[in-house]
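Chain naming follows the written order as A, B, C and D, and within any one chain the residues start at number 1.
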Amino acid sequence: MPLNKEQIAKRIAQELQDGYYVNLGIGIPTLVANYIPQGVNVVLQSENGLLGMGPFPFEGEEDADLINAGKQTITTLPGSVFFDSAMSFGMIRAGKVDLTVLGAMEVSESGDIANWKIPNKMVKGMGGAMDLVAAAKNIIVAMQHTNPKGESKLLPKCSLPLTGVGCVKKIVSDLGVFDVTADGFVCIEHAPGVTIDEIKAKTAGKLTIAPNVKEMAV
Amino acid sequence: MNKVVANAEEAVRDIQDGAVLMLGGFGLCGIPENCIAALVKKGTKNLTCISNNAGVDDFGIGLLLQTKQVKKMISSYVGENAEFERQLLSGELEVELIPQGTLATRCMAAGYGMPAVYLLAGYGTEVAEGKEVREFNGKNYLMEMAFDSDYAIVKAWKGDKMGNLIFKDTARNFNPLMAMAGKITIAEVEELVEPGELDPMYIHTPGIYVHRIFQGKDYEKRIEQRTVRKK
Amino acid sequence: MNKVVANAEEAVRDIQDGAVLMLGGFGLCGIPENCIAALVKKGTKNLTCISNNAGVDDFGIGLLLQTKQVKKMISSYVGENAEFERQLLSGELEVELIPQGTLATRCMAAGYGMPAVYLLAGYGTEVAEGKEVREFNGKNYLMEMAFDSDYAIVKAWKGDKMGNLIFKDTARNFNPLMAMAGKITIAEVEELVEPGELDPMYIHTPGIYVHRIFQGKDYEKRIEQRTVRKK
Amino acid sequence: MPLNKEQIAKRIAQELQDGYYVNLGIGIPTLVANYIPQGVNVVLQSENGLLGMGPFPFEGEEDADLINAGKQTITTLPGSVFFDSAMSFGMIRAGKVDLTVLGAMEVSESGDIANWKIPNKMVKGMGGAMDLVAAAKNIIVAMQHTNPKGESKLLPKCSLPLTGVGCVKKIVSDLGVFDVTADGFVCIEHAPGVTIDEIKAKTAGKLTIAPNVKEMAV
């Protein structure tokens, strides 16, 4: 069975290490915060200017001045810090954020990512995505393996306008976990009940199956 | 030294048609509500607005779009606005999309007197078109220019009569960066106090960057995505 | 996440001979007294020290000069130190003088992941030798590179266990800039508090930049030029 | 009679306008603060990170954490602000400081300034001087007209290593006030009792006497 969104998020959460500073994008990445392993302390960065993002506020305690990069009302935690947008992206660019998790429309076998623009559709903008993918030191993409038409999103080359070049290090899809290497996609885990053949069939870019490939534990 | 003006109308009095404005805020958080209203009232046309977002249909910069006062938006994300989309598709409105960190850093560069900076964002994408690429330590950077704007319009939580500003929580965002970057910087504040009432160690924007300041009124501070959990 | 170390000795434990250090402070104001003492005790040699000044004979970086632990100083002003002068004239010590604003901005550039910046200072002077000159808007700028340092050692007034820092008055100076710029940043603080005790709106250095923090002790905080007026 | 240091400072103080942000260098420039005209409010910038520098502290009230760029203990005033060294020079570079007053060893007729280094003498460093002269929008030099050997410090070209190129706008010396123009030094005021002939004799660089030259009021 392909993973559901919660399971993808849960698997990504296993990548978190104690002391990590993490930026979680909108969508599946946001769900990662719900599965942070016991004993692992991470600090969530919101690129609009906050380190130490807490949970949503209780009803009636929303504050218009306290939002995340998705414009949702949030809260702080002990040790939180506010700063301006230049410092926020400065710390990302300087490699201080350990991990960035974001969604994608396409990823190429060389780690290019497309996630901001579809030609002939209204373009809303890249927001912070181009900064994050260009500058974060470790990027994991959380996405469905195929698009709604059933076409692979892991491609030899991206067909959509790029967000960044050669930056994705790892993909967790509904079908498995893939390292993005100099030799293309390497499948290191498959989802429970998903066969290697299915993964091969649904991956258009260059794919290698790791010798020690294993079933994902989620 | 007299930076205090009576209200938003007086603060924006000399903004001419065709001016380039920076407007602080992220989404609807920390936007200069009073000055936007005054610009709508004044009817200044053909504005170029540098602002991370373009508001929503009936709030924020969306109000200036409704009245067709904006010629060009320079933003990172302009998603939440139907009138914006209509004007863009009809060719009435020009839009330049810039990565968010690049937008922020180009403001900062202006405030620090640095004419250009090298940034990673956008290398290898359409954002890089026409820009100088330069390699440092094996990575490719784009040369990005400091913004040149006529007015920066920011919203602070507290300010004193010498123009020193403090921003609340994530309403800080682009505000202090733009405050540094305007040829003329206008600050509207929720609470205007006497010099000496703000602790000099904890001021986000030194008054030297601020030319006009006034006590704003009737802040709506609309929430764009109200999300809560149950008690 | 455990950034708290017991003391200066533990904080500087792995600093090797030949390391490049940034040391915060302006004159003797805001200098990391505890870490300097620990480095003297540890005897680490051939250090390159990036610091605005070089202390006085018996205080600040002067203590590391007395013990001949410094190979090179990168500073803007090194005036108040006889031993420094002796080592410089005898060729034992290398000195690179950099305009003060350039020094500060090269720290900031490192902290913001900007590999190079264009600055006005030093154009047409010997500081410009070997540097790329580029004209923007009719003015000539020098291309200056972000600093690459192994450790940044800073002194803050208050800090919490997550590494968030607040600096006192003009003891801020280079400290927050260097804190952002170190591959490993060590902060000594006059008062170490629990997370949540510092107001998140008024933190000068976010903890993400700080790798080790400890409560310092026995601060002398020597005054270099005591000037007073009569009551 | 040539002016004394206090008189030079007093004359420079006449250049101050209400609302100015001013950076005063070490030496004679520091004295300018004592002669700010009544009704003129200026804010003094100290490049180590303070706007709104106040007078020296009362005895016993010195604070090691509160010094000026000359490393002297000082005080703050209502409306003061502290900031880091990058912002401090950033505001200078961006033209936010209205006036910088500093000393010089030599000034050339094209506005070059030398004030940091004498070959074969111990070099202490330029401190913030190179940043200030390169970036400040208006620079007045306060200095003696001649050096201790009696040689002119207003030269066709500086003989000492430069601090900055083409940046000095005005000089107030013990002999008079000089604009630095595309046409060299222009004497616009002479000190009381100092003759134009003496000024001519002691100025090595190109010198013009303004048609409306007048006696300085100090």
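Simple rule for what comes next: contacts are C-beta pairs under 8 Å (C-beta built on N, C-alpha and C of every residue); 3 or more make two chains touch, one makes a residue touch a chain.
A quick note: this is a predicted structure, and the numbers were derived from the prediction, not measured.
Trainee: Would you mind naming the chains that touch subunit B and likewise touch subunit D?
Mentor: Of all the chains present, those in contact with both subunit B and subunit D are C.
Trainee: Using mean C-alpha positions as chain centres, tell me how far subunit A is from subunit D in Å, no decimals.
Mentor: Computed value for the inter-centroid distance: 56 Å.
Trainee: Take the average of all CA coordinates in subunit A, do the same for subunit B, and state the distance between these two points in whole angstrom.
Mentor: 29
Trainee: Measuring from the mean C-alpha position of subunit A to the mean C-alpha position of subunit C, what distance in angstrom results?
Mentor: Centre-to-centre distance between subunit A and subunit C: 36 Å.
Trainee: Which subunit D residues sit where two or more other chains touch them?
Mentor: Expected reply: 76, 82-83, 86, 90, 92-93, 135.
Trainee: Considering subunit B alone, which of its residues make contact with at least two other chains?
Mentor: Residues 105, 112-114, 119-120, 168-169, 200-201.
Trainee: Thinking of each chain as a vertex joined to the chains it touches, would you call that graph a line, ring, star, complete, or other?
Mentor: other
Trainee: Pairwise, which chains touch?
Mentor: A-B, A-C, B-C, B-D, C-D
Trainee: So in the complex, which bits of subunit A are touching subunit C?
Mentor: Listed in rising order, the residues are 18-19, 21, 41, 43, 45, 51-52, 76-83, 86-87, 90-97, 135.
Trainee: Can you list the residues on subunit A that touch subunit B in the complex?
Mentor: It is residues 46-50, 55-68, 70-74, 76, 82-86, 88-90, 92-93, 112, 122-131, 134-135, 161-166 of subunit A that touch subunit B.
Trainee: Give every residue of subunit B touching subunit A within the complex, in rising order.
Mentor: 26-30, 52, 75-79, 85, 88-89, 97, 99-105, 107-108, 119-127, 157, 168-177, 204, 221-231
Trainee: Which bits of subunit C are touching subunit B when the two form their complex?
Mentor: The contact residues of subunit C facing subunit B are 105, 112-120, 136-137, 139, 141, 166-169, 200-202.
Trainee: Residues of subunit C touching subunit A in their complex?
Mentor: Where subunit C meets subunit A, its residues are 1-2, 110-114, 160-162, 164, 180, 194-196, 200-201, 203, 206-209.
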